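Labels run A, B and C following the written order; every chain starts at residue 1.
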Amino acid sequence: MKKPVVKRLSATLAVCVVGLAMAACSSGSKSGGGKVHLTFWTHTHPPMIALNKQLITEYEKANPNVTIDYQQIPNTDFNTKMLTSLSNGSGPDVINMDDVAIRGDYIPKNLLAPMDSAAQATAEGRYLPHTLDGATSADGKLYGLPTEFNATAFAINKAAFTKAGLDPAKPPKAWDDVAADGQKLIAAGQGGFNFLYLSAGQYTQQLQILLNETGGRIVSDDGKKATIAEPAGVQALELWNTLINKDKLGDPHSSTRDATDPFADFEAGKTSMTIMYPWGVGQIKQDNPATFKNMEVVPLPQVDPSKPSGRWYGYYMAVNKASKHQSEAWKFINYVTSQNQRWLTDVNFIQPVKDWASSPAAAKVPFLPVWQQAYQQGRFDEVAPHWAEVQDAIKTAIESTVLDGKSADSTLNQASDTINQSLAE
Amino acid sequence: MSTLAIRATTHRKLIGAAFAVPALALFGLFAIYPMVRVFYISLFDYDLTSSPRWVGFNNYEFLWHSEQFHQSLEATGFYLLFTYVPAVLLALLLAIGLDTKLPGSGFIRLLYFAPVAMSWVAISVIWRLLFQPDGLLNRVLGTHTTWLTSTKSAEWALVIASVWKETGLFLILFLAGLSKIPRDLREAASLDGAGPLRSFRYVTLPLLKPMTAVVCVMAVIRGCQSFSPQVVLTGGSFNTEVVNLYVYKTAFENARMGRASAVAVLLFFALLMVTMLQLRLFRSDDR
Amino acid sequence: MTRVLSRPAEVAAPPVEPARRRRRRVTVRAVVLYGLLLPGGLLFASVFVYAVLSALKPADEVLSTHWWPSRFVWSNFKLPFSTVPFARYYVNSVVVGVVVTLLNVVTCTLAGYSFSKFAYRGRTLLYLIVLATMMIPLEVIYVPLYALVFKLHWVNTFSGLIVPAGTSAFGILLMRQSIDGLPDEILDAARLDGAGETRILWRIVAPMMTAPMAALALVVFMTTWDSHLWPLLVGNDDNHKTLPVGLAAMQADNAGATGIPMLMAAAVMAVLPTLLLFCLLQKRFVEGITMSADIR
């Protein structure tokens, strides 16, 4: 009885050892002898990934001595993996990251390589003013080029509006209108409106939209003190709370908490209005053509329609300071960011080059005038040291108020204390 | 004792010690060394991408005053108590019932084990559906609780899902422990007039002590180091940020490795004490 | 050389239970099993079954609370393969899982036996240190561990995935506690018979420890199979990524509701090896151990 077991065991072990040996020998590839090996990490967004892969193939063909290893890492894991790799002086050569991370974390921590001044001058000549601020350091050096640049708008479900007796051609302009329209929609059995309750980052971004409109700020200009509990800040949170809990435009307890699909509720008809970004249009077009057909993108509702605002955010490709192939990395980045037309048509990513709106591909961008308008009235998000902790405090405050019923004043005061603690360290 | 016998003993001790070498070698390099580094880093401010900066006991001082840290300890205590006490008791009862060769028993054991086999990432999708305000759980219970989105119920939701998922693990351990208790002993006891309860209390339970010790130690450690269910079900909101989730966020999202290490060190000492206590309590006195 | 060890005298010949009482005992047991534990088990597994059914649902039915799919979409099970290198991730996970499990069973049984039955100096201290390593959460350990693995050039290799997990404090705890219950007399008797230490380990101790070893194998395999953070840090390309990392990527890649059936299909396929292992090993959990052992 023992013999067969022993035989089987040793056989399995042998197979494993051989497998191990094979695997160990075949792993990893190194640069050397004129060959350049770049690693490129991005988050996961399927249309973007597809185009990236295509562009990589083209680049490798045009530059036969270059191989590019492209890895996609889910947003939730991105920071963990990046930090751990960077802590050993390894990590990718080229990264694609959002401006808050770049301005708030990676530039201050000296992890990125700045462009040389000639390249920077060229870039500044090429892009619309201020759109490069998302990857610019406090002392004016540029660290990346944009792959996507988003302004904030609003989307409504035309069919639902019609069913509720509303005219889709007259979308809500102020949040009060959103409330009124929302209540009519709900009375007609349609979805209303809701914010998203996903990651701490998304909570903060949505509050930032409202803060831009009320004139509030999360932290002071010098990044040293929390100002979220000041009246303009409280006004923003109370607006959120009123829309959801008093006007009852949506149920925060049953809204999707699946971070991978921010538009699930809109697509399912649980909401008929939602905050929208250009990349969202592309994603809905791909995932849910029925919703896309019914969708109309309109300007973002305002607290004061005579003083419109919105938030900007962008993703930029940047170079790791520890990279051993920085010039090649920049060459690759220049190639990827030069393909503006394809980014527009294939992925609906707007790259803010000076004449993007009049380009042939732009004509095919759905809802072009709305996006053009949105770009006039936006600004980048605030950043400060330890921003992840700040975002966490904001998330707690919003959840305590909107989901747990505590007053905006008290929750924001608590958030303020927490934020001050973080900024003090 | 003759020299031969003494040498035989020493020789035996050497071989015995040698048996432990493979494990100890792996431990030394891959467990002890990193552990020592963690203790060391707890005295620094380290954000992973710049050089560590000496701060002495600052991290510990911060934790002493930190509301968030205290909250996390409370959340952990709640979770540990209400998940693992029921899970262990349930596992024991199930093990006794399932320790049989009756037809179909293997299948039934599989039913209780299945929850353990699936990863939290995957099963959280289902549990989130079940916990929806209009989901199946509310329908079955006739309630309208907002399970995952309120401070009153989020902790309980986690307990429910975790008891479901953890019981099977302890079930296996108890089954393995029971299987080593000779049937003849148990049958002999019942012949002496002992009813099933007495036979359990005076025969089975004492012989199960070693395995019970393992189960209890594992339960406390798993309870204190849990964070997957919290991440996937509530993200730590609504008072469910258990201490290990606090550690993870502090280390990787807030890039404060020094502070996270300090928490780890504190947890270490707490768990060490509890484990030593447990092992002493469960020590078999019939060696 | 064939020797049969004699049973300890006390349990030489157990008295025979009267048939009627045995039958009653068996009936009670059967009632409990089929009347209580079976329904309970079905309840327990129902969530799991729900997961399996979700894998077969068409995309638009996933979020509805209807239990049963309107039609069975078996093609959902092909989706993971076309979205990510699912087969490769699976193979990677199997290789890592099997090797880590084997390493653990071997090293932990050896060490557990060593700490349990040999009285050499420092063994208590060593045992305590081993246990102590369980008390620190893995997440903080991973950062210095990654630095070490990096220095060994084991990043993105199977060695990096496997070797650091080659032994576990839990395993040593389990085996030591279990071997503690082995009567010393048996071992001493074998030594008197002239058997060498390795032989005793292989022929006497191990066969009597199949239940805890099986439990250990199952737990270690399961933990390794589901481990997400370490493979995320160590695996940099598809040849070295494991299933949980792939699952997370799959979840991130695919818009919520439409992606759920695919994710559940992937999860169901991911669960199979653990369930299979359980079925193979579970006989060991309920085997009664008799007090005699043969050396053949």
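Methods note: contacts are C-beta pairs under 8 Å (C-beta built on N, C-alpha and C of every residue); 3 or more make two chains touch, one makes a residue touch a chain.
Just so it is clear, the structure is predicted and the values come from calculations on it, not from any experiment.
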Chain pair with the higher count of C-beta pairs in contact (A-B, A-C): A-C
Distance-maximising chain from chain B - centres being C-alpha averages: A
Centre-to-centre distance between chain C and chain B (centres being mean Cα positions), rounded to whole Å: 15
Whole-Å gap separating chain A and chain C, where each centre is the average of the chain's CA atoms: 40
Rounded Å distance, chain A centre to chain B centre (Cα mean): 37
Shared-contact residues (touching 2 or more other chains) in chain B: 48, 125, 132, 134, 252
Contacts with 2+ other chains: residues of chain A: 80, 84, 87, 258
Of all residues in chain C, the ones touching two or more other chains: 63, 142-143, 147, 248, 251
Residue ranges of chain A in contact with chain B within the complex: 79-80, 83-84, 86-87, 105, 109-111, 197, 199, 251-254, 257-258, 386, 388-389, 392, 395-396, 399, 403-404, 418, 425
Chain C residues touching chain A - in the complex, by the definition given at the top: 63, 95, 98-99, 102, 142-143, 146-147, 150, 155-159, 162, 229, 232-233, 236-237, 239-240, 248-249, 251-259, 296
Residues of chain B defined as touching chain A within the complex: 45, 47-50, 62, 68, 125, 128, 132-134, 146, 148-151, 235, 237-238, 249, 252-256
Touch list for chain A against partner chain C, complex: 2, 9, 12-13, 16, 19-20, 23-24, 26-28, 39, 43-44, 46, 49, 69, 71-77, 80-81, 84-85, 87-88, 90, 256, 258, 260-261, 263-264, 267-268, 283, 287-288
Parts of chain B lying in touch with chain C, wherever the complex brings them together: 12-20, 22-24, 26-27, 29-35, 37-38, 41, 48, 94, 97-102, 104-106, 108-123, 125-127, 129-130, 132, 134-136, 139, 164, 167-169, 172-173, 175-180, 182-185, 187-188, 190-191, 196, 207, 210-211, 213-214, 217-218, 221, 225, 227, 244, 247-248, 251-252, 257, 260-261, 264-265, 267-269, 271-272, 275-276, 284, 287
